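The structure is given below, and queries will be raised subsequently.
Chain nomenclature is as follows: A, B, C, D, E and F, assigned in order of appearance, with residue numbering initiated at 1 for each chain independently.
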Amino acid sequence: MNPTTKQKLMGVSTATLCTALFKRGLHHQYIQDVRPLNANLPNMVGEAYTLRYMPAREDLNTIEVFKNREHPQRKAVEECPPGAVFVIDSRKDARAASAGGILVTRLMKRGVAGIVTDGGFRDSPEIARLAIPAYHQRPAAPTNLTVHQAIDINVPVGCGDAPVFPGDVVVGDAEGVVVIPAHMADDIATEAVEMTAFEDFVQEQVMQGRSILGLYPPTDEQSRIDFAAWRKANGR
Amino acid sequence: MNPTTKQKLMGVSTATLCTALFKRGLHHQYIQDVRPLNANLPNMVGEAYTLRYMPAREDLNTIEVFKNREHPQRKAVEECPPGAVFVIDSRKDARAASAGGILVTRLMKRGVAGIVTDGGFRDSPEIARLAIPAYHQRPAAPTNLTVHQAIDINVPVGCGDAPVFPGDVVVGDAEGVVVIPAHMADDIATEAVEMTAFEDFVQEQVMQGRSILGLYPPTDEQSRIDFAAWRKANGR
Amino acid sequence: MNPTTKQKLMGVSTATLCTALFKRGLHHQYIQDVRPLNANLPNMVGEAYTLRYMPAREDLNTIEVFKNREHPQRKAVEECPPGAVFVIDSRKDARAASAGGILVTRLMKRGVAGIVTDGGFRDSPEIARLAIPAYHQRPAAPTNLTVHQAIDINVPVGCGDAPVFPGDVVVGDAEGVVVIPAHMADDIATEAVEMTAFEDFVQEQVMQGRSILGLYPPTDEQSRIDFAAWRKANGR
Amino acid sequence: MNPTTKQKLMGVSTATLCTALFKRGLHHQYIQDVRPLNANLPNMVGEAYTLRYMPAREDLNTIEVFKNREHPQRKAVEECPPGAVFVIDSRKDARAASAGGILVTRLMKRGVAGIVTDGGFRDSPEIARLAIPAYHQRPAAPTNLTVHQAIDINVPVGCGDAPVFPGDVVVGDAEGVVVIPAHMADDIATEAVEMTAFEDFVQEQVMQGRSILGLYPPTDEQSRIDFAAWRKANGR
Amino acid sequence: MNPTTKQKLMGVSTATLCTALFKRGLHHQYIQDVRPLNANLPNMVGEAYTLRYMPAREDLNTIEVFKNREHPQRKAVEECPPGAVFVIDSRKDARAASAGGILVTRLMKRGVAGIVTDGGFRDSPEIARLAIPAYHQRPAAPTNLTVHQAIDINVPVGCGDAPVFPGDVVVGDAEGVVVIPAHMADDIATEAVEMTAFEDFVQEQVMQGRSILGLYPPTDEQSRIDFAAWRKANGR
Amino acid sequence: MNPTTKQKLMGVSTATLCTALFKRGLHHQYIQDVRPLNANLPNMVGEAYTLRYMPAREDLNTIEVFKNREHPQRKAVEECPPGAVFVIDSRKDARAASAGGILVTRLMKRGVAGIVTDGGFRDSPEIARLAIPAYHQRPAAPTNLTVHQAIDINVPVGCGDAPVFPGDVVVGDAEGVVVIPAHMADDIATEAVEMTAFEDFVQEQVMQGRSILGLYPPTDEQSRIDFAAWRKANGR
């Protein structure tokens, strides 16, 4: 990813990004029903590296399987590129863990930018104390073997009803996670920075008591004049 | 709303209010599955002012619609009376936002007492830092245009499976939100204050090791005597 | 329960216990979709004492029923043994409370080790401030009479889709709650302590940058050697 | 059950019975989300005999357990009184069977009046061809051992969110199933017969083109006169 | 509605109409999760006339309310125009009836084209035998008063997550129900007739063993030639 | 697949197969919540050929995409081997179609043994009249482009929470669909035939009034003697 784009995305919200995507006709890029384990971290920004789970079949999911170094879950954790976001398609099923504290720590140490599952993490209290952004539906102490079998690495998947292609740009904030198609990441990032400036201006005006009518959106000429002045004054 | 009633309702819990309503045969006044964005604020008390959403039709919900000052969402935000609670019927659908930080800020600045949706808010981290009580199901970054179209202002609605009529008294605490029919708000408030005194007495007794049998409810004569003494001693 | 077993269980996680149970063929012992009201308390450990709710029939659930000292909810609260965990089968229905602040306080004062429901508690902000671990699905202000009728004490029940027999050992941590069949509690506790030592070793290694391959599980001989040395060095 | 009451209940609908119960303040006696396997049978009427399932624990639910003649599922099938309705509390979970063709056949041969589960039946095509009314949520081929453990016979249970006490009168028609508290069965049956006569009259009138206003309910004097005449003419 | 449009819509499927709407950017016009009570009737076609329900409050929903001739449910049944489709917004809640046999019969006799609810009907076996198309989620014997209060007539509503404006053209077949915005009904109908001709041609070809590649869609020139010939031969 | 195995599987039920799988420790092979469009066809038996859907992204799912002969949905329909069962992983989402009448007809003409989706079919009334077994959750008229994007052919998938590997043996009857791991299909088929013989014997005995105790399972020696005689007499 373009470093400038990454930097831009570190400073905008998922809400703003959703609107920018909406303007381009993309309505379903928000990963539904996941939340940060630690809402006080900076934004999570990186390219998607995916892991796909399918339902577990008991004979293929004994505790012994992890002895296999090629087990897709373990292999993916070791191969996910630094800077990427590790996205797990857990079929929205949080009855068993998508991953636990040790694997998430390993991802963090390897420089991975964050991790998202539409299922749940185990060891969630420990993960919440790590310096890597992690998002899930709810805690899930049971081992993934109970419900999930890792089956594919870095293929297109669904996560929380959002389409995720490897390489898509994934952004998370204290609210949730949004997926930006790779080819439009630069444009979206640039537009989102502009939108954020305007929203910050509006928020400041509204805090000062101004009405939203004519201001948000700026259908009044005066609003546009004021915004131009505000940008200059604030160097944005 | 009677200022005395408001004051009373500032000091009682939604749990107590639900019981008072239950005694009058009302079982479904609690807004199901919403939670405060900031659980540390005082109670939210005000008369319901409602906004009704219907499912969005794409051609009627482009980004341009907000340029219309008569758009019901924007209009409602500017017209909701100070002191009222802004209640949004989002059909329990949190896939897209019911409102965002700027609109909630505007409501706050206009003196609105609080906001409730059975969907979700966007900019939820910002809203959580505002001094206005806000309740939702879960965060939702996508713009409301994706899923919701604001269609009616201040009509009777459902919110979290509770019936809400304009003018009903809405009370929220750190647990959730309850809706009191307008005509019984004074009585309910008075009764709830009485119940709260008794519950505080009971809680104190139980903390001192007393059994709940005969005390809660006070079927033992001694419990009633002790409560009377406690009231006198505590000026309640 | 064996006091040594209790002590062991105070120091291990529900995630580790789930894996130990999984190795013995038990896949469904985790109580799904409950969370601690206060995630900062020590582990909850105790033998299950159960209360079963059925759907409420209106004529049998007026506010008057609590005047009956034999009402199962109140009786159970007074009879649950100190050290036990009070487990409520609320049929996963959180539309009304399973219990409230006064009853939970009474359980705490009576020395009960904790309380779990797959429904919700009322007075949840107050309960969150008590020194007794409590787990539920979500807050529920309405009185239980609206939806639930207490019908049976200390019978086998389901809680969050987990089977719970009276006397089973229930363990809760900041993640959730797991149920250990009584007859295997000692073994599971011992194994979990061993597993925890290994996981702590692994976590430390991973924090120092070591790969999980060959380490977790320890298929490399070196991993086993290092672990042995670590145990000695750390007295575990 | 009073044979006259049974006869009356054979000729009325669950819809009419629900209204009669509603008039007495009972709102939740309809078993939600179950349907007849064969909608062409006569009404099912009988006193409830219940079986309670809890979640299955794997070590207690091997295929061997049915060798135990005291297994509650098998015991209940052999002990359910002729004329009763066999009601199974399956916790609304249809992922595994509540019962199968052989057990339902045995119930039929023993003279049981019908069977209801809020889970599912296996061998549902075969059951649909039997002359015993059976109601479930949806077909479920897996053996009950996968998900359910029979634990209690003839205790109060929930079925499809309705409270069911042993001895309650259970009535099923082509629409669904309703539960009448035992002590009011005679009254409800009598009232339902009266209501059915009126509804038949109204239906006939409406088929002839008459407006429902003033007729249903009969707020016009003429409606009451016409109904009296209709009763006389039709011997009802 | 244009009579030609109505005639066209009588002969096309909801699937074809959904595709025609999709081509115009409308993705959510299908009423989710409703089914016909009688799948053997001709298509249902008419303009939407709506009834909106909100959650019932007990004191406003006693059995007496139907004595009021202005009760919106009864009023709507008497005022719905002949030829219209009666669409009920039941908030997807089928725990209580949206309407019953007598009201549906009255609508039929008044010449109404059909009835749809995203909740359930009571007296569903009787309604299934009437000559009016009716669609619901599942049967619901309890009176609407238990859960629903009729509150608004002929306002924009949601039904099964589809937006429905009064006057929209509603079409039902044996599969389900689709809502066509009024202003595009003529165009959609015309296009759907064309599409149906092509689909019938394709289906015939496929039944004769032809591959779908190049045929569906007709990217092969030969497919278009064959279709032209087929149209001529079949007079379509 | 072994033709003898196929023949055996044509004559046994999914319920019996689930029990045979359960005995081998496989609990989740039943595809949950799908039903046959036509319950009067013979069993569906064939090896799984899979299609995986992911959530649709709007820019990749315009109506034009089907012009591409390599579109996975169309390609899969043309390449699925005769005799196979076409299994679609639709993420249990029935808001849009997994396939329609023309594609299913093409599969039928190509000799495919059946089709299963955990979503829904469009043109379901037409599909129900075809001579190919088809199973889905519920009808879904909207084109798949609305919600689904076909992304992978013949990879391991989940379908109705069951794990499905290409080549697994899929069996459907009037009740539902079960997935047998390829390597155990012969054994399971043979065992199921034996079990079916016994169940037919038991059913016959029960129809004649015999108790299930000692008979089902045959813990009485007499039951085993009688079964042996029955087999001889009935040539099974």
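To be clear about the criterion, a residue touches a chain if its C-beta (ideal position, glycine included) is under 8 Å from a C-beta of that chain, and two chains touch if they have at least 3 such contacts.
These numbers were taken from a predicted model, which means no experiment stands behind them.
Peer 1: Return the chains common to the contact lists of subunit A and subunit E.
Peer 2: Both subunit A and subunit E are touched by B, F, going by the contact rule given at the top.
Peer 1: Kindly list the shared contact partners of subunit B and subunit C, in label order.
Peer 2: Intersection of subunit B and subunit C contact lists gives A.
Peer 1: With centres defined as the mean of C-alpha atoms, identify the chain lying farthest from subunit F.
Peer 2: Greatest centre separation from subunit F goes to chain B.
Peer 1: Can you spot which of B-E, A-F or A-C is a repeat of the B-C interface, where more than half the contact pairs line up?
Peer 2: A-C
Peer 1: Averaging over Cα atoms per chain, report the distance between subunit C and subunit D in Å.
Peer 2: Here the centre of subunit D sits 37 Å away from the centre of subunit C.
Peer 1: With centres defined as the mean C-alpha position, give me the subunit B-subunit F separation in Å.
Peer 2: A distance of 49 Å separates the two centres.
Peer 1: Using mean C-alpha positions as chain centres, tell me how far subunit D is from subunit F in Å, no decimals.
Peer 2: Distance between chain centres, rounded to whole Å: 31 Å.
Peer 1: Out of subunit A, which residues touch more than one other chain, so two or more?
Peer 2: Within subunit A, the residues that touch at least two other chains are 27.
Peer 1: Applying that definition of touch, give me each pair of chains that meets it.
Peer 2: A-B, A-C, A-F, B-C, B-E, C-D, D-E, D-F, E-F
Peer 1: Sort out for me which residues of subunit C touch subunit D in the complex.
Peer 2: The touching residues are 24-29, 54-60, 91, 93, 149, 151-152, 155-158, 161-163, 181.
Peer 1: Which of the residues in subunit C come into contact with subunit A in the complex?
Peer 2: Residue positions touching the partner: 13-15, 17-19, 22-23, 27, 30, 32-33, 35, 39, 173-176, 178, 199, 202-203, 206-207, 209, 211-214, 216-217, 219.
Peer 1: Which of the residues in subunit A end up touching subunit C in this complex?
Peer 2: 63, 66-67, 69, 74, 77-78, 94-95, 97, 100-103, 105-106, 109, 122-126, 138-143, 145-146
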